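Structure, as structure tokens:
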Amino acid sequence: MNKMQKAMRELAEMDELAARTSPIHALHPAAKLIAAIAYILVTLSFGKYDLSGLVPMVLWPILLFQISGTEVRTCFYKLRIVLPLVMAVGLFNPIFDRSAAAQLGGVVISGGVISMLTLMLKGLFCLMASFLLMATTPIDLLCAALRQLHVPKMLVTLLLLTYRYVGVMTEELAVMTEAYLLRAPGQKGIHISAWGSFLGQLLLRSMDRAQELYSSMLLRGYHQHFHYAGIRPFRARDALYLLGCILFFLLLRRVNIAQMLGGTLVG
Amino acid sequence: MHMADALLAPAVAATMYAASGVTAGISIHKLKKDDEPQKLPVMAVTAALVFAGQMINYTIPGTGSSGHMCGGMLLSALLGPQAGFLSMIVILAIQCLFFADGGLLALGANVWNMAFYGCFVGYYLIWRPIMRSRWFGEGRSAQRARIIAAAIIGCIATLQLGAFSVVLETSLSGIAELPFGAFVALMQPIHLAIGLVEGLITAAVLVFVFEFRPELLQGVERAEGENSKRSLKTVVAILAVVALVVGGGLSLLASSNPDGLEWALFGNAEEGYAENMGLDEEDFGVSSKAADTAGAIQEKTSFLPDYAFSGSDSAAGTTVSGIVGAAMVAGVAILICLAGGFFRKKKKTD
Amino acid sequence: MIEFQHVSFAYEKNLPVLKDLSFRIEKGEAVGLIGANGAGKSTVMKLLLGLLSGEGKILVDGTEVRRETLGEIRRKLGFVLQNSDNQMFMPTVYEDMIFAPLNYMLSREEAEARVDAVLARLHLEELKHRYNHKISGGEKRMAAIATVLAMEPEAILMDEPTSALDPYNRRIVINTIRELEQTKLITSHDLDMILDTCDRVILLSDGQIAADGAAQELLRDRALLEKHRMELPLSLMGRDSSRFNERD
């Protein structure tokens, strides 16, 4: 399976997750978006050594996973993109920061290790937050919410249309790639002699497609005003959810729950 | 080069969002003025194509490895800088939302690092001046050579700028212990090689388009007479000045701070680090009333103390009870998962 | 309802595509537009829809097709494209179907009611919230027809509606077309489908009308069809399979 087919599979998985029903799926997309952004902001605001303070932040995504019925493994599959990046930077921390930070039964843990772990957790938590957003919100509803939040129309419409054709283009390129590789045994990618024509051909054909697409829009009455079908009113329960989430995050930020709990045990 | 959320501090992320947002706003305004409604479907289809095209494996002859295409230069050569910029935003948004390639809060920074340089710097400072000049002479083969040169130089330059920005943003966010100098020394050469390959691939595609549908390429109208010479000279001059400033500034930083931004990373909370970076960018290095107030507010509202840098706490703050408590929280999380699974099973048997 | 009066068109100066074309389609007629590749069928459609403009006059319900009247004309004509991917450009079927009604300034409730009515009539309710890039070719074609019907057009134009469909989906499309009461103009190479759905056939050849008559008669005229680079519909060919080896 080539890269493009895998990408299409991933897109299809996200679509399928977003199409399910649950109390979370039913929430207003703008509420979910703002909650996710707030979560990420608060998560990022934890100090680089504040590992114990950070850990309780995992409770929110865990709860959402359960209530929405989303599988965690799809999220963890995406970790393969986030973690290497974070590690590429974080791995240097234990090297450059050797200050003693804690002692656990005779073993001294350096500040560098703590900050590396904090960084990794931040990476994981932020990934879970944005994953949960998209796993419970279809793109059309998200775009309608972006419009309600006054993101410019041109950008949102472009996002909607581009999303629609990403599948088409990826599929075409997947087929073209397979056809190419079948005629080029032993090659793993496009040979330099075809660098220009491989994508170039599809590019030129796509221009014609774009022209037909535009005609199609005109024939259905389009004159620069895009109407978003997914716009919904913001209800009390959406506001309650958003407020509740934000308060929860701020509470976790101010109070080190882990330390409190641990204190009751350790004294 | 897609940055994850964890690599940025909220203030840096917000700043980059603002920068990208303003640029997007200006681009939208310009496109609205141009009033070409058919551009929208062209942008969407081309953006979708570039998105897919980034996954193509181009084998680099001689080596065993493969290269990929980013798309900033390609998009701006085909659509113009403003439309190209918006298309890149959308591509990056889809990558972020559906593939976790780039964080949600890092989107502003990623847009700046990959789209701004590629579309604006690449177009106005490299693509258009070269295409309008008389480099390589006259005629079709000369134009082809110009396309290749512009694509290669453009990709290399914009990728260097992008990579440098990544280092800057990460360092300003204070999450990396890696010294600034070392970080730069790692990032720049790698992206030089990547930029070269990308440039060659982009050049190949653009030359192909030029052969069959040259009218699709933007900005290739030749400037008449003196204009062309002047515009290229101006651009070269600008680039030279920029290089001097950046180079000079870099060496200053590197020499006076062997540990790279150490002065920003550790123990400056008491002095009110907000004075130097973060909240008060205009008053860089100068203390001002606004910065003092900001610093004071920061200390009081301690739930967001690390607005610009983490470093207000020291490593020794982590205690044993904290670690034990964290383990307990993890236990609670597992319990929640088990409970959730239990309830779902119950629902199924109903 | 649709009238072409001495219409000519050329993409480039010396390459005329349509030469002095004149014909008339009455309200309620189902007309098949056939001809070899390059005969000018798509050009006729595009001129009618105002996507191209040439010489001569084209009238829809008495109104001439001109820049100023395009909005009004296009409301009356629903066009089903050959490539459904270019027609269904929103992420979901629902959004595509509601696109035109909303552009015509219907309220959201009215538009939604219309969408639901069309889906019910075509028995396609389960397609409503499906993603366009995930439904099959046949489903997409039906969704495209539904999208056009949501416009409540007076005439429906179709470009190769049965191309790339398996027999099952092809039959569904054919049956659906037969039940549409609107005026129909269909271009296709699928002559059996034309036979099944159209009363009248216009045969285009080299930019001119070579024949115009009842579908049942014209499509049985082997000599006429072969003269213009076509063949009898497969269902009328009988058991004379030797003709497949003829090369002239």
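Some points to look at:
Labels A, B and C are assigned to the chains in the order they are written; within every chain, residues are numbered from 1.
The rule is simple: a residue touches a chain if its C-beta (ideal position, glycine included) is under 8 Å from a C-beta of that chain, and two chains touch if they have at least 3 such contacts.
This one's a predicted model, so the numbers in the text were calculated from it and none came from an experiment.
If touching chains are joined by edges, the resulting network of the protein chains shown is an open path.
Relative to the centroid of all protein Cα atoms, the closest per-chain Cα centroid is that of A. Among the chain pairings, A-B comes first (most C-beta pairs in contact).
In this assembly, the C-alpha centroid of chain A lies 18 Å from the C-alpha centroid of chain B. If you average the Cα atoms of chain B and of chain C, the two centres end up 48 Å apart. Mean C-alpha positions place chain A and chain C at a centre distance of 42 Å.
Residue positions of chain A touching 2 or more other chains, listed in rising order: 139, 161, 163-165, 168, 209, 213, 217, 222-223.
Chain contacts: chain B has residues 41 touching two or more partner chains.
Multi-chain contact residues, meaning those touching two or more other chains, occur in chain C at positions 89. Against chain A, in their complex, chain C makes its touches with residues 49, 51, 71, 74-75, 77, 79, 81, 83, 85-92, 94-95, 98-100, 102-104, 108, 129, 131-134, 147, 151.
The touching residues of chain A, when paired with chain C in their complex, are 12, 15, 19, 138-140, 160-161, 163-165, 167-168, 209, 212-213, 215-223, 225, 227, 229-230.
For chain B in complex with chain A, the touching residues are 2-10, 13, 24-25, 28, 31-32, 37-38, 40-49, 51-53, 55-61, 66, 69, 78, 86-87, 89-91, 93-94, 96-101, 103-105, 170, 174-179, 200-201, 204-209, 212-213, 216, 302-307, 310-330, 332-333, 336-337, 339-340, 344.
The touching residues of chain A, counted against chain B in their complex, run 3-4, 7, 10-11, 14, 36-37, 40-41, 43-53, 55-56, 58-59, 62-63, 65-67, 69, 78-79, 81-82, 85-86, 89-90, 92-93, 95-97, 99-104, 109-112, 114-115, 119-120, 122-123, 126-127, 129-131, 133-134, 139, 142, 152, 154-155, 157-159, 161-166, 168-170, 172-173, 177, 187-192, 195-204, 206-207, 209-211, 213-214, 217, 222-224, 250, 253-254, 256-263, 265-266.
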